[in-house]
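Following this line, the structures themselves.
Same chain, two partners: chain A is paired with chain B first, then with chain C.
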Partner chain A sequence: MAFPLPRGITPPEIAFLAEMEMVTIIPRQRLEGLELLGGPVEPLRPPRRASLPLWLALLLKRQRRANILPPPWLHPEPLSFILDVETQHPDYKSAFSPPPLLPGQSHPNARGQTPAARPRYTPDGQRYFAAPPFLPQNTAQTDASEVEPPSLPYHWLEVGNMLLDAASDDLVEPDQIRILLKDLREARNAKLRAGIDALDAASTGGGGVALTGVGAMELGEGRGFMVGVVDNLRKIGASKEQARREQMAEEMANRGYDNTQDDDDDMEF
Partner chain B sequence: MDIDDILASVDRHDDSPASAALDHQLLTRFWVAERAVSEVLPWPTLLMERMMERVSQQISRIEDLASSSSPTTNLHLSILQTDLARTQYLIRSLLRQRLSKLTKHSMYYLLKIAGANPVDSQPSQHHHNQQQPQDSVPDFPAGILGSNTSPLSNQEASFLHAHQKLLAGHFGASFLSGFPAQLRRLDDNAGGTSMVTGPDGREAVFVRCLADEVVVRVPPGDGIDVEEIGVSMRKGEVWAVRWEGVREAWEGGELELL
Partner chain C sequence: MSYYDIDSILTDAQKLPCTFELEVPRLGVLEGNAGESVKAGTRIDLPLWLGEMLSIGARLGTSRLVTLDLPTALSERVMNALKADPRTVDLRSLAPHFYSLSERILELFEEEEMVDVLIDTFKKRAAEIADQAHNPRGAMGEGVEFLRGLDETERQLFRVAHDSAKEMRIWSGEAKKRS
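The block that comes next holds the complex of A and B.
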């Protein structure tokens, strides 16, 4: 047995990924810049703020060499705002609250042009779009011109829990935050469970189910069950799908190549 | 393509710390993808060469630092070693996942790197009585190594070949030798059922769309010989879809697996 773990990353591996998120710290002692395999680390000069990966920030925090500035969303006010959106807002009765925008992604309600994201290239010449955990979604904001409403980043549950464990003295009202995180988790879990019905759409060819706004750990916890449901539904419906496609092939042969569209299973969840 | 694209493409062959960060992100993303799908993904030769080079450089730097031990280097050393251990964990987990997929569908991948279509291939029928299970293992295709068609690295290909030879020999010695000669092949497809199973491309995966728009495709099959278009995903959205419907977009870097 070369590898005992199931397909899809497991919760410990998700926590490992979440430790790559960048956070802002206030160092208490000097440290010269380091060249790590995960990228360069800027030199630490108290009391200048610095951005470090979470694992390194936690390592310094445990040795009392730095304080962690909590991410902008990990405060009681933004969290209760998001909780209100999750539970009260009519648009998000069965969907998750919107996640932070990716660079270059235009806001759904925005008018006018958003600046296009500068494409980066991999050394092999492919286009590269950064995504969590490699976006500064958990660093403290420097500019006060923050117009976007607060939103939960992809690794919210893991980052929140790790900071509550290791750096609760750096957070504002940690007990309140703990309660809000628990409420959010329950509200969102209920949505995920209620959405199981819609999974049928992902089991047909060309179909899919939107889970936009889902958190990494929520996906990791539900992955085994959801993939199992989708794959079993697909196997049950396999002969039906084949019959439908064969009928479609016949129709196409009869009236030439009309563009046949698969019935859209664009179901919000 | 605008001026930024051109500038970015000119200075992309550097060995700066920024490219170390980018390679780290690519490796992490590839690891998540490899863990998420049922088939072995194409081996990123250049990326892995750069990563292995960096790991060995980092190890020698840590050794240098450890030999000149002074109280101030202790923190440095522990940070560097943690970082090294994290990267090594990524690489090890990636390789073990690939080995487990390879051994699970070994005949499928052997036929694939030999250039045959694994599922429909007709086994070459040798009707002599000395037929052995080992005969069904394709010859090691020396010319194909390093080409782009194989999703395996050279080491993986030679491992797989040796593994399957041993396995076939063991099957032959333990029970297949008691069978009639024409039933001894491991890629037998008598009766219309191929004994070679491959990974299931229709399994559901979770993806995040990174390009402005990506459509889910239905590959040709079941009598339809054109590709159908399914739902379309927009930038930043997370979807549960069939892997075969988004494989092409993944190869183009337009979405990532979660």
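The block that comes next holds the complex of A and C.
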């Protein structure tokens, strides 16, 4: 083939996209603010925390100019909680642990009023509600009022791996985290593989595969295989689908004919 | 299916048993004795593209020249084997392009049951392919027999799954990139 890369998106590309995620750092040096295309970066004044894109945070970390505060889910306790949900919880035998809540979305088990989504404003003054990937899912939470069950963000595998590589001394028990991330990946991979049966339903229409909570990297890995399976199932089942459609069209036509017979008696040619 | 798709060209070239309904003069070249005529009732294995063309006479109002039969790769015996255990059947020895062939055949024949058997086969084998592809030692060990029996479509599937798993391992630093 002329183009050497496979269809879809490669892991390094996914990791590149994940570097847009905002993380919290504690700077060790002063740094003037930067005007980046993705928005201005606030001036760094130690020891005040600041939110930076992951790529800049990793750069500063490598230059020993900052420490990264790990995101709230990248600790041993939340990760083992999620792993328990993935492996033990009866509701999630074949589903993935739920993704982080969107603003304004209440936890299914929670009672009471839903938290109000905070609107943001564009430079033109238009109101909008941010959605992933523009939600800070990887910044350390500042206000303790937001008590949510731990959940894996969309870019969990990439952010986790990159932080383990570059900033393992900023994490709590990095070895434990590494093992937990690996276990999580294996548990979720097994679920993805078990979903092949469900792919059949997706190929004939009317069915679907629940991919809620699946991360970007996992999707990127499974894409080629899943698309291939669905495509081939569709091809094999094409003749059956054709027959089904013809039958449906026939039934529709028959019904239409009966109806016209009933109430259009005077319309004879 | 593109015009230049080598797999669809190869699928077209697979043989299909055809029975001649009429005597055709000077077509004996198909049987191997050139210059002679083909008698009515002769059975010859013709490539799919030729058999398909010759058999559509009925649609044009004339009597059809040949009648098609199911190829051996899709015979009753194979279907029973697939029903029993899809994983142990060597599809490649039956037909290198087994699934593409059956797609074309199913366009020509109405075989409701065969569709179900094939879909079930593909699903079961796809699960096995996924397992084999994620095996970091690749196509070594006990999976060799199974992998040798994959048809072209399944091989592509295996390759895609294996490559993406490998890319992942390279990215996460578990495996070295081959330079």
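Everything that follows uses one rule, which is that the second predicted complex is superposed on the first by the 220 of 269 C-alpha atoms of A that agree within 3 Å, B and C clash if a C-alpha of one lies under 4 Å from a C-alpha of the other, contacts with A are read in each partner's own complex, and residues count from 1 in each chain.
We take it that a residue touches a chain if its C-beta (ideal position, glycine included) is under 8 Å from a C-beta of that chain, and two chains touch if they have at least 3 such contacts.
As the structure is a prediction and not an experimental result, all values here were calculated from the model.
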Partner chain in contact with A:I25 - chain B first, chain C second, else both or neither: neither
A:E35 touches, of chain B and chain C: first, second, both or neither? first
First, second, both or neither for A:R223, with chain B first and chain C second: both
First (chain B), second (chain C), both or neither touched by A:T212: first
Partner chain(s) touched by A:L74 [first = chain B, second = chain C, both, neither]: neither
Which of chain B and chain C A:V85 touches, first, second, both or neither: neither
Per-residue contact with chain A, leading partner among chain C and chain B: B
Overlap of the chain B and chain C footprints on chain A, listed as residue numbers: 199, 223
Interfacial residue positions of chain B with respect to chain A in the complex: 4-5, 8-9, 12-13, 17-26, 28-29, 32, 35-38, 44, 46-47, 50-51, 54-55, 58, 75-76, 78-80, 82-84, 86-87, 89, 93, 96-97, 99-100, 103, 202-204, 206, 208, 210-211, 216-218, 221-226, 228-231, 233, 235-242, 245, 252-253, 256, 258
Chain C partner contacts - residues on chain A that touch it in the complex: 6, 10-12, 15, 161, 165, 189, 193, 196-197, 199-200, 217, 220-225, 228-229, 232-233, 235-240, 243
Complex contacts: residues of chain A adjacent to chain B: 1-3, 5, 7-9, 13, 16-17, 20, 31, 34-41, 55-56, 59, 63, 65, 99, 101-102, 104-105, 118-131, 133-134, 199, 202-203, 205-214, 216, 219, 223, 226-227, 230-231, 234, 241-242, 245-246, 248-250, 252, 257, 260-262, 264-266
Chain C residues touching chain A - in the complex, by the definition given at the top: 99, 102-103, 106-107, 110, 112, 115, 118-119, 122-123, 126-127, 130-131, 133-134, 153, 156-157, 160-161, 163-165, 167-168, 170-173
